[in-house]
Structure formats: structure tokens, C-alpha cells
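Once you scroll down, you'll see the structures, which are given as C-alpha cells.
Next come two complexes, and both contain chain A; in the first it sits with chain B, in the second with chain C.
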Partner chain A sequence: MLSTETIDEVLIIRVEERRLDASKAPAFKDDVGQIIDEKANRLVLDLTLVEFIDSSGLGVIVSVLKRLGPSGNLAIAGANSTVRRLFSLTRMDRIFKLYDSPQAAVEAMQT
Partner chain B sequence: MKIRDIILVLTAGLGLALILVAIVLLRGELSKLEIAQRLQTSNAVREQLLVASTALARERTDTFIQLAASASSENFGEPAAALRTHADQALARAIFELQGGKALLPRAAESMSGLVSAEERLIALRNQVDEAARNKDEQVRRAAASDWLAGVTALMDDLQAWRLDLLNDNRPTDPILAAEANIRAFVDILHGAVAFNEAIGVALLTSRGEARDEQVVTIERMVGRMNLAWQMIGNEVDLSLSEEVRAAVASARRIYFQTYDPVLLGLVNAAPNITTSTMIAAWTRTSEHSLDALGNLQNTVLKSSRERLDLIVSQAQRSGAIVTLVTVFGALAAVLILLVVRRRVINPIARISHAMERLADNDLSTPAPRAGRLDEVGVMTNALRTFKANAIKRQRTQRELAEVHQNLQRTYDQLRNDLEAAATIQMAMLPTPAIVRGVSHHGLYSPSSHIAGDTYNVVEHPDGGVGFFQIDVAGHGAAAALVSVAGQHTLSQAMLTRARETQIEDIVARINREWPENLPYFTTVLGEIDPAAPVGRIVQAGHPSPLLIRSEGNVEQIGSSGFPVGMLPQACYESIEFPFRAGDRLLIYSDGVVETESPSGDFYSESQLFDLVSAHVASATPELLVALQASLDAWRGSRELTDDVSVLIVERTKTRSNHAIH
Partner chain C sequence: MRPSLCLKIDSDLESVGLVAKAVRALCSNGLGPEALDEVELGVAEAINNVIKHGYAGRKGSSVEIRAVLSIDRVVIDILDQAPAMPQTALEARDPWSRIESGQTEDLPESGMGMALIQMTMDEVSYSSDAGINQLRLTKLLAH
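After this line comes the complex of A and B, so read on.
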């Protein structure tokens, strides 16, 4: 479901699912929670492969942000237009920084 | 056909075959025995007839010689008396034997009456001889002697004929017995001829002239007969005959050809008229010697035949006894086999098959046959017991499974009943289409399961304003449904009880702040229709932007974004004011509408919704909703709903609006 990669001390979590919905959300939450506990607090969530996120999916992404706490930094990369539409409708684009690619996100975090 | 019947039929068939074979064998042995016994009787009669013939031959010759040869008759009858007694006794014994064999011999009665008349004829002949013997005239005596010779010879011929009849009636099948019977018949002929010749020889020695020639011819005919008889005897003798018989034949033949034949030749060729009493004595001695040898041969052959017959009889009796014994044992063995097979195979198999039938009918209470045997029946019994034990175990497991299944079913039914009740309640909480203070409202509501995370409500504020909202709780199912009920209650109460100066964005902000963190968030569009002014206001909180349908036909989106409720406590909200005149409609929908998927996985989409609404701006609200529902159903096809679908349309009615304007 997930794969990780560290570039310049930024952990990139790649979601390897086409849909992030109510059926996948609980497992996603557990897996990401475990990664956050173990690793760094600078994260990029790579959604390149994700085609659709429903309200439950959005809920767990927000819960990840809450878990990271105030010192954490979570960026979203590779979101398609449907996902971007959801982020903008719920104003999550004001909470998360959205980048076209994980590399762009990492670069932005270095500066 | 049952195994029991098959075995019964086979055993019965076997027994029957055994008995049939035994009957055939026994019949064979019995008929052999009967033939042998008849032969024994026939032999005994023939033996006595032979003895009688021999005695008669002696008497004939002796009497003839006395009468024809001796001049004086003073001492006549002295030796004859003993010979007569001998002949009578032999005849009496022959009659006695015939009497005994009446049951076995076919022509016994006939032969017996013949014998009785023969006795009478003999007595008559003897009386004639006795009378002639007292006569002094030699001529008379010679004529009487000649008559006597002819009469007794005829009598003897009769005896011989009866003997041959007896022999022909009971011709033995045994080759040795047959050969011996033939030898006896030929020896008999020889004996008769020698005895006859003895008398004729004496006559020849004492006669003169033309009578002599006739007698020579008779003797020569007899010689031819005797040679033929010897030839026939020679044909019968082979190595199968006993040593004793062959020796007796050889001995008699030697005596005949070495002593009797030359003397006979000498007698025939001797010059006439030189007869002496010594010549007669020598002739009779030679004849007697030869007759003794033939008698001896006859006795030897008879003894051999008798012994052989006895052997055959005892063999037949033994064979009969053995066959009877074998049959009895065979029948006993058949019965024993049947009993053992019944006890050890048929009955256990019948019990096993009965038990198997009952078990196949699922009757596990039927007792399995007792185990404990080591043969195949034991193996079958053990297998059956194991099968029964397994069947009982399986039945128990099935019963337990059925119970578990029943419990599950009960629980499931309970849950379903609960859900259906909850769905009914949830449906009941939705407002029915109505007109509230000049605002009519209609809704569309399709939960993806029994109960939904979507809900909506329209409330009338005491100050005359009409509030409305639609909620979509994140996720769906029971948890989302419960939260949606809580949300509906919270928002409804907040709208009903708000103070005049409280703005709707403040209501949303407050609820957002106070929303418990561990509950799912929800999106909403909450709004109000101003009772005094032709405007409406909404707060958009993460919910899709509603569509404003103008009475003149324009369709436009209101709002673009907003934070969902219950996600970020510090989130800020703002309201959007829009003109809302009579005939204007506001269509609020949950994301389930535009995210309805076609069978190929494509979303219904906002643009399609926009187009459908634009195409139906002229339709009344209920018709618009029907068209929307139909369009969504057509899009979805056979695919199941993955999210709750709900639509709320509020409309400022024209009449009320017009009335207000006037």
C-alpha cells in the first residue's frame, strides 16, 4: 500500500493505491502512523498514483498532519485534478502545500 | 438375487448333481450285480445239467455195452443201479437249482417242465431196457440197445439244448467269462461226442456186416465234430485266461490227441471179426480216461468262472457300498458347508448389509454388528463400526455447526432489524416536502446501505426566517449515520434557537469548535432564506457548491470552498449572500451525486449535473428530482451505490412572493 524513500532527510511516502477511500483509510492511517513514529517529521505524501480520494481519505490525511504536531511539515505531491479539486473545495490547499512532484516538494522544503 | 439365495441354489444344485451321479453309479453297480447273480444261478443250473449229462452218458454207454456186448444178462443191473442213482440225483439237483433261480432266469419254468418230462422219459427207457435184458434173444437185445442209445442220446441232446439256451439267455459281457462259457460249451460237445463214440465203438466191435459200415460213418462224423470243437477251444484260449484253465485245456487236449485219437483210429481201421473182450475193455478204458480228462477240464473252467463271478459280485457290492458311502458323506458335507457358510458368512453379511442400509438412511441408533473376527467379515464389521462412529461424530459436528449458523443468523437478523428500524427512524427525521412560510422544499435521498451519513432538514425560525442545511458525514454506514443524526440535531437546534443577531457563519464556527475530536467530521451547506428581503445566505463547509436556479432560467454555482466541520477547530467560516426571489430555487447536493460511478468507473461529474439541471429549469421541482434520479440511475446502471446520495431543493414560491410584493 505504501513505499518510502528518503531524499535529503525528507521522507517521501508513496501511496500505491488508485483509490484512497473508506475501505483503505484505516489501514493507511495505521501504516503512516507507524512511519511517522519511527522516522523524521519532514514528510512528503506522494499521491501520483492516486486517482480518487473520498471524505474518509481526506480525514486520515488531516489526521496525519495532526499527528505530526506543530513542528511537523507535511507536503502533498503529485495530486491530480480530482484530488486537487477536493483539497480546494475543503480549503485543505490552505493547510497543506501542494507540489507537482515529490522532487519539487523536497526542493521547496530545503529552502 | 441375494447372496444367501445364490449359495443355496448352488449348494442345492451341487447336492442334486451328487445324488444324480450316485444314482447312475448305483444303478450301474446294481445291474452289474444282478447280471452277475443271474450268471451265478445260470452257471449253477448249467453245472448240474452238465453233471446230469455226464452221468447219463455213463449210464447210456454202460447200459448199451451190457445189453449189446455181453451175451448173458445175469449180472445186468449191478453196476447200472449206482449209475442210475447218480444220474437221478444230478437231474434232481438241476431241478432244485432251477427252482431257486426261477426269479432270475427268464425261461426257468419252461426248462423245469422239460426236465421233469426228461425224468419220466428216462424211467420209461430204463424200463424197456430192463425188460429186454431178461430176453434171451440176442437180436432183440441188440435192437433194444440201439433204441436205448438213440433214446438217451435224444434226452442228452435236449439237456444240451437247454444248457445252450441258458447260456444264450445270459451271455456274460466279461471277456474272460465269455471265453470260459464258450470253452465249456465246446468241452460239453466234446464230452457228448466221446461218450457217444464209446457206445458206438463197442457196437462197432461187436457188430458185423452192413451195420458196421454205418457205425464207422457215425464215428467219423463225430471225429469231425470233435476236431472242430478242439479248434474252437483253441480259438478261445489266450493269455487272459487263468493259468489253471490253460493247463487243464492243454492236459485234456494232450490226453485226447495222444491216447484217445490214435485208439479211435485203430478201432475204425481194425479188421472185422477179430473182436476180443480185451479190445472192448481197452476201448472203454481209453474213452473213460478221456471223459475224465474232459470232466476235469469242465470242472476247472467252471470253478474258474464261479470264482470270477464271485469276484465280480463282491466287487459290485463293494463299489455299491463305496458309492452309497460317498453319496452319504457328500450329502453330509454339502449340508455341513451350507450350515457353516450360513453361520460364518451369510448371516453376518445379512446383518452388516441391514446395518449399512439403516446407516445409509441416517439411522445412527441402529446397532453395528459385533466385532472380534479376523477374517474379511471382521474387517467389514470393523469398517462399519468405524463408519458409524465417524457418522455420529459428523452428525454432532453438523449439529454444532447448525447451531452456530443459527446463532449467526439470529444475530444477523437482529442487526438487520435494528438497521431497518434505524433507517425508518432516519427517514422519519427527514422533512416531508412542504411549503414553509413561502418556501417549499423537496428532497432526494438514497443511502448506499440501510442507513446513511447524509441528511438534511428545513426549519422555521420563530422570527419568520426559514433555515435549511444538508450534512454529509465522512464515511458511511452505522457510525456515519449516528453522527449524521447528531449533526442534524445539533444544527437544527442551533438554527431554531439562535438569537436574531447571530450570523449563520457564527453558528457553523461554534459547532466546528465544539465538535468532539474523536467523531468523524462532516461537510455541510447551511443556509437561510431572509423573510423580509429577496435574498438568501449560505455557509459552505467543505460541501459541493450548491446550484442557484433562477426563475428566468439561469443556473449558477454559489460559493467555491470552505472548511469541513469537525476537522480543524480554529477554522473560520463566512457566509455568502445571494439574491433569492420568487421562483428561484437552490439545489444543494452531497458529493455522492457527482461521484456516482458508471459501470466503467467514470464519475457522473459536476458538469453533467449542471447540464441536466439547465435542461430542466422549466420543470417543477418534483419533476426535476425525478429526472435527476433517472439520470443517476441510468448512469450507474447495474453498479451499486458506493456513497450516499442526497439532494435538497428549496424554492421561494411565486404566490407568496407576489403577495409580498403587492
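After this line comes the complex of A and C, so read on.
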């Protein structure tokens, strides 16, 4: 479901699911929670492979942000137009920074 | 004859994506990309609600989806035999009301489903008769 990679001390979590929905959200939350507890506080969630997210999937992404705490930095990368639509409908595009690619997100975090 | 589909699935969250995509495909001749995204999202949220709340997340019951695309609208009926929900459940409060506070802790992680259904559809109605509940979602086609 997830794979990880570190670039310039930023942890990239790649979601390897086409749909991040209510059927996947509980396992996604567990998996991503374990990764965060072990590692860095600068994080990019790479959604390049994800075609669709529902409110349950979005809820997990919000929970990741909360779990990182005030010192954490979470960026979203590779969201397609369908996923971006969910972020704008729910006004989460004001909360999260969205980048076209993980590389672009990592570069932005260096400045 | 108007394009339509009728699907019956088990009350399994794993099956919801299939139906949402099928309804999206039905609408692809009448709606633009943003409206198709909204239909897929609204339908997925509505069926998730039935399974998670109506059937308490249990598999083994059925959910039936009927969708009809006509010249000016798509009408999607979602039928189940779970305990009926009160009409007040349709009145989604704004889950993002405290978003302006800037406090991460105030951001919602759940309870967004009905609000998203209302935002993505033009009309939402609910009725319950003889043990069968019907949620009707209507999306108007832009002209």
C-alpha cells in the first residue's frame, strides 16, 4: 500500500493504491502512522498513483497532519484533477500545499 | 430509451468504487470533467454512508443503485433495507466551520460525507417506505 524514500532529509511516502477510500482508510492510517512514528517530521505524501480519494481517505491525510504536530511539515504531491477537486471542495487546499511532483515539494521544503 | 443502469452490491466497502465508477461512466456523455468528479464522489460518499452507518459496517446485506441519465439531469437512487435515518441527517452541518481558526486540531477527520453529498449534488432527498430506504441524488446537466 505504501513505499518510502528519503530525498534531502525529506521523507516521501508514495501511496500505491488507485483509490484511497473508506475500504482502504483504516489500513492506510495504521501504515502511515507507523512510518511517522519512526521517522522524520518533514514529509511528502506522493499521490501520483491515486485516482480517487473520498472523505475517509482525506480524513486520514488530515490525521497525518495532526500527528506531525506543530513542528511538522506535510506537503501533497502528484494529485490529479479529481483529487485536487476534493481538496478544493473541502477547502483543504488552504491547509495543504499541493505540488505537481515529489521533487517539486522537496525543493520547496529546502527554502 | 434513456441510458440507465441498475446495480446491486453487497454491503462491502470494497464494492463501492466499482459502482461509483459505473455511474460516472453512465454520465460521461452528459457531464463535464468537474461534474463527473462530483458525481463519482457524491455516489461513493452516499453508499459508504449506507454501509458504515445503515448497516453498521457489516457485509451480507445489499445496496441497490439505479441511475438514469436524461436530457437535463442524472437521477441516482440508492436503496437499502437498513434502519432508516432521520430526515435531519440530510441537513449536513458545515464540518469545516472552524477551518478559519487556523488550528490544525480543529480540522475534521470524519463526518464530512453528507456535507460532500450536498455539495456535489443539486438535489438530495430521502424517503423510507415498507422497510426500504431511498436516497435520491439529482445532478443537473449544465446547458
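Just so we're on the same page, the second predicted complex is superposed on the first by the 111 of 111 C-alpha atoms of A that agree within 3 Å, B and C clash if a C-alpha of one lies under 4 Å from a C-alpha of the other, contacts with A are read in each partner's own complex, and residues count from 1 in each chain.
Just so it is clear, contacts are C-beta pairs under 8 Å (C-beta built on N, C-alpha and C of every residue); 3 or more make two chains touch, one makes a residue touch a chain.
Keep in mind that this is a model prediction, so the values were computed, not measured.
On the superposed chain A, the two partners chain B and chain C do not both fit; they clash.
In the superposed pair of complexes, A:Thr90 makes contact with chain B and with chain C alike.
Once chain A of one complex is fitted onto chain A of the other, the partner contacts of A:Ser55 extend to both chain B and chain C. Once the two structures are overlaid, the count of chain A residues touched is higher for C than for its counterpart among chain B and chain C.
In the superposition on chain A, contact is made by A:Ala22 with both chain B and chain C.
After superposition on chain A, the chain B segment that clashes with chain C is 418-426; the remaining candidates among 40-48, 202-210, 238-246 or 418-426 show no clashing C-alpha atoms. Touched by chain B in one complex and by chain C in the other are residues 21-22, 52, 54-56, 58-59, 62, 82, 89-91, 95 of chain A. Those residues of chain B that touch chain A in the complex are listed here as 472-476, 520-521, 523, 542-545, 560-564, 567-568, 571, 591, 595, 603, 642-643. Chain A contributes residues 19, 21-23, 52, 54-56, 58-60, 62-63, 65-66, 70, 81-82, 85-86, 89-92, 94-95 to its touches with chain C in the complex. Chain A meets chain B in the complex at residues 21-22, 25, 52, 54-56, 58-59, 62, 82, 88-91, 95.
Contacts from chain C toward chain A in the complex involve residues 12-14, 16-17, 20, 33-34, 37-38, 40-41, 44-45, 48, 51-52, 96, 99, 104-105, 107-110, 112-113, 116, 119-120.
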